[in-house]
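What follows is a group of structures, each given as structure tokens.
The same chain A turns up in both complexes below, where it pairs with chain B and then with chain C.
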Partner chain A sequence: MVDTQPLQIPRPPSVLAVQGLSLKLTDRTLLKGIELRSFEPGITLVMGANGAGKSLFLRSLHGLLPIEGQVSFAGRPLSETLAEQAMVFQKPTLLRRTVWQNMTFAAPSGSTDAEIENLLRQVHLAEKALEPARLLSGGEQQRLALARALLTRPRILLLDEPTASLDPGSVSIIEKLIRAASDAGVKVIFVSHDIGQARRLASEVLFMHEGRVVEHTPADRFFSAPDSIEARAYLSGELLIKPQTTGSPEQ
Partner chain B sequence: MLADAFVEAFSLIASFNPDLFEILLLSVRVSLTALGVSVLIALPLGAMLAISNFPGKRIVITCLNALMAMPPVVVGLLVYLMLSRSGPLGALGLLYTPTAMVIAQICLITPIIASLAHQTMEDLHQEYAELFSSLRVTKRRAVPIYLWDARYSLITSVLAGFGRAVSEVGAVMIVGGNIDHLTRVMTTAIALETARGELALALALGIILVVLALIVNAAVMYTRTYAQRRAYG
Partner chain C sequence: MRKMKTPAVLAALMATSLFSIGSMADSIIVQSTTSTKNSGLYDYLLPLVEADTGVTVNVVAVGTGQAIKNAERCDGDVLLVHAKASEEKFVASGYGVSRSDLMYNDFILVGPADDPAGISGSSSVSDSLEKIAVKQAPFASRGDDSGTHKAELRLWKSTAVNPADSSGSWYRETGSGMGATLNVAVGMGAYAMTDRATWTKFGNKADFKILVEGDTRLFNQYGIILVNPAKCPDVKAEAGQKFIDWMISETGQGAIANYKVAGDQLFFPNAK
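Take a look at the complex of A and B:
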């Protein structure tokens, strides 16, 4: 007898899976039942207009917010992956210490001085290792925050607009490091408004609008033929204005 | 007469008058001991209040702030009642000893240092909380980080506590008794000598007290300026 069952090819677990992710703060639903399965190991760009919920989504993936629903990375629940995550915030928080001490504070056991020095050299801060971190320029502070995040040897790197309002030199250094981390197997999820940067870095794009993911497509398709009205409006620089009954997700 | 008293006061200081310096040394010893103990209690308490959440936290903070404004004579009276023969700690025989004065000063300045430390570290906690969550820094590890990173503001709080301790008169008078060569400190000596009309010694002690206050304030100013320059404030 011939078996007519189709051949089942086992699929590897998705790199990122989100099921029914909702976030409610002070009686307002800010993220609304996000469903997502991403098999893309490279750089995922999260885009969307101000107030779309991008930063909240990223913080939710990092376990910083009391979400409903489930998040898993490579088939493992969020709680098991937190120790393998690192996040860089839009406004870097640096300790009131020297550049070097800001690195050693985050260094996992087994880190060496050479490793710290190497990372500081990569972000062009080796010469400033003994300076107070909070006297660095905005770009330098963000580069230090990224170096500190990389020092924790993350397998998942979450970046919340790390290059917003930075000079081109700092942007270039940060992008180079992000690309290197991605090439080394780190899953990068990156929130950015910069369409040029998204084109340079993204493997896939998540487009968010009013607390929902309205589009999840490979980057080249997103930029050439976006599916959703919202993404088309965003890419053409238009502002979609709808009458709103609830507050903005990023308020 | 006033000019004579000033001349005599300066000559007492210049000649290192033994009585004067005995009083000065006892004052500094009592206040520094009280300060040391208070710092050990107040700084970790302030840090824990800043980063912990527990039922009744607001009440504890309100009580701490209220204790800052506690009149010293009331503190002195309470410590007196505790240490008097019929009090719960009467058996220790501490009343009218420098130790009793240290206890009174601890009760006075601990709420001040803890409250100021709490405010400082709460501000720092607002700033660091998300980073610490991200890096999974435990509370046990966070406390020394807060204490170190807020060190310059905390030094200011500690110096404020010392200033309060060394210039306090009511509580130490009640529990110390102002006994010559035993519990007489600068403030109680000034009160006594002024009442007796011995203005020279009172003035000499007053001058030293003012100089001490100036040194403490200069230290506060220097600390603030240094911290601002290094962006550590």
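Take a look at the complex of A and C:
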């Protein structure tokens, strides 16, 4: 007798799964029922116009907002993965201490001075280890924030426009570290407005518009033939503006 | 001469006129912090005070900073607040006769059960605040110059972070009382510092829980002061002093210790 049951091939859990993610603050719905399953282990870029909800989405993935819905990484709920996550913000909060003390503050037990020195060297701050962190330039502060995040040995790294307004040297250092982290198996989710950077780094793109993910596609396809009208408009530098009911164009 | 009364004082007096049996001479106004009212302590204590002393107490519950300002304007006979440095300044400036320690409780840090900043169980409040700041986890502050707000700012000063740099970002000042601030915190998944008594009585905890407690810097001392009749001639000094004497007496201190919510003692008497 031949078994006619179809062969069941177990599917690996998605790297990132989001079910019904909504965010309401002060009676405004800012994220609207986001559904998402990503099997991409590489770098996920989150793109979209200002106000699309990118930063809120990223903060939601880091447990910083009172969301409705479920988020899981590799099949594990957010409550279990938070300790394995790190996030770098556009404006990092640095302690009013030295560069070195900012690193030791974040150091998990078992980390060594050599590890800290190595990371500071990678972000070109080893020479400034004993300087007050808050006197660093913007680019240096952001590099320190990234080094501090990497010191926690995250399995998931969330980056909210970490290179906005930085000089090309700092951008290059940060991109190199992000790529190295991804190559080492860290899941990276990255918000950026920089299309050139997105082309350089992204494996896949989530495109957001008005609190929703309107496109989720491999990076090469996103940049060559985006599906959504919103993404096409964004990539061609157009602004999608709702029709005005009053006032003149000059206003 | 006693100056124009605030609407809150007038409301308290009107309420008293409906229910008070004692003479107006034995009816006093206490300018108070909110935690003693929100916790239900006055509802428990004041009938005992009236039965023992004949003094009817009308409470105006505002933040400590506002209560002190009201007392400086001669609105009130007794001040009961929790900001020792400000209380001592109030007395040194001649607005108060003398200050007595009354009781203490403690502050706690509360937050969502998921605890994104990872502070649960920490024995150091300054370390916990720094973790919240570095993580940019939302933090709801009273921001109203109350005793709790002042205590919170003192704690931030012991850290390497100035939360004012992030005002409106992860650090949100509500400009409201403790109950309203806790509601905001629950609504936005934010950490908050609160006195334990208000937290115990708070009815909208959702999944929030106490995450940090026990650090000696979270100690919260309450003081009681008679407003100085030399500055404010309308002060009912005799009735006010009767109230203070009862509160710091063995009877009053025992009553404070006996006040419990859900089996928990909220205030710990320590008058000397």
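Odds and ends about this structure:
FYI, the second predicted complex is superposed on the first by the 237 of 251 C-alpha atoms of A that agree within 3 Å, B and C clash if a C-alpha of one lies under 4 Å from a C-alpha of the other, contacts with A are read in each partner's own complex, and residues count from 1 in each chain.
Criterion: a contact is a pair of C-beta atoms (placed from the backbone, for glycine too) under 8 Å apart; a residue touches a chain by one contact, two chains touch by 3 or more.
The structure displayed is predicted, hence computed values, not measured ones.
Overlap between chain B and chain C is detected when the two structures are superposed via chain A.
Of the two partner chains placed by the overlay, chain B and chain C both lie in contact with A:105. In the superposition on chain A, A:66 makes contact with chain C only, while chain B stays out of contact range. In the superposition on chain A, contact is made by A:97 with both chain B and chain C. Of the two partner chains, chain B is the only one that A:152 touches; chain C does not reach it.
When the shared chain is aligned, chain B and chain C each come close enough to touch A:89. Of the two partner chains placed by superposition, A:195 touches none, neither chain B nor chain C. Within the superposed three-chain model, A:25 lies in touch with chain C and out of touch with chain B [touch as defined at top]. Shared contact residues of chain A, touching chain B in one structure and chain C in the other: 62-64, 82-83, 87, 89, 93, 95-97, 105-106.
On the side of chain A, the complex with chain C involves touching residues 25-26, 62-66, 78-79, 82-83, 87, 89, 91, 93, 95-97, 105-106, 148. Against chain A, in their complex, chain B makes its touches with residues 127-128, 130-131, 133-136, 145, 148-150, 230-233. Interface residues of chain C facing chain A in the complex, by the touch rule stated above, are 112, 114-116, 118, 130, 133-138, 159-162, 166, 169-170, 187-189. Taken together, the chain A residues at the contact with chain B in this complex read 62-64, 82-83, 85-87, 89, 93, 95-97, 105-106, 132, 134-135, 152.
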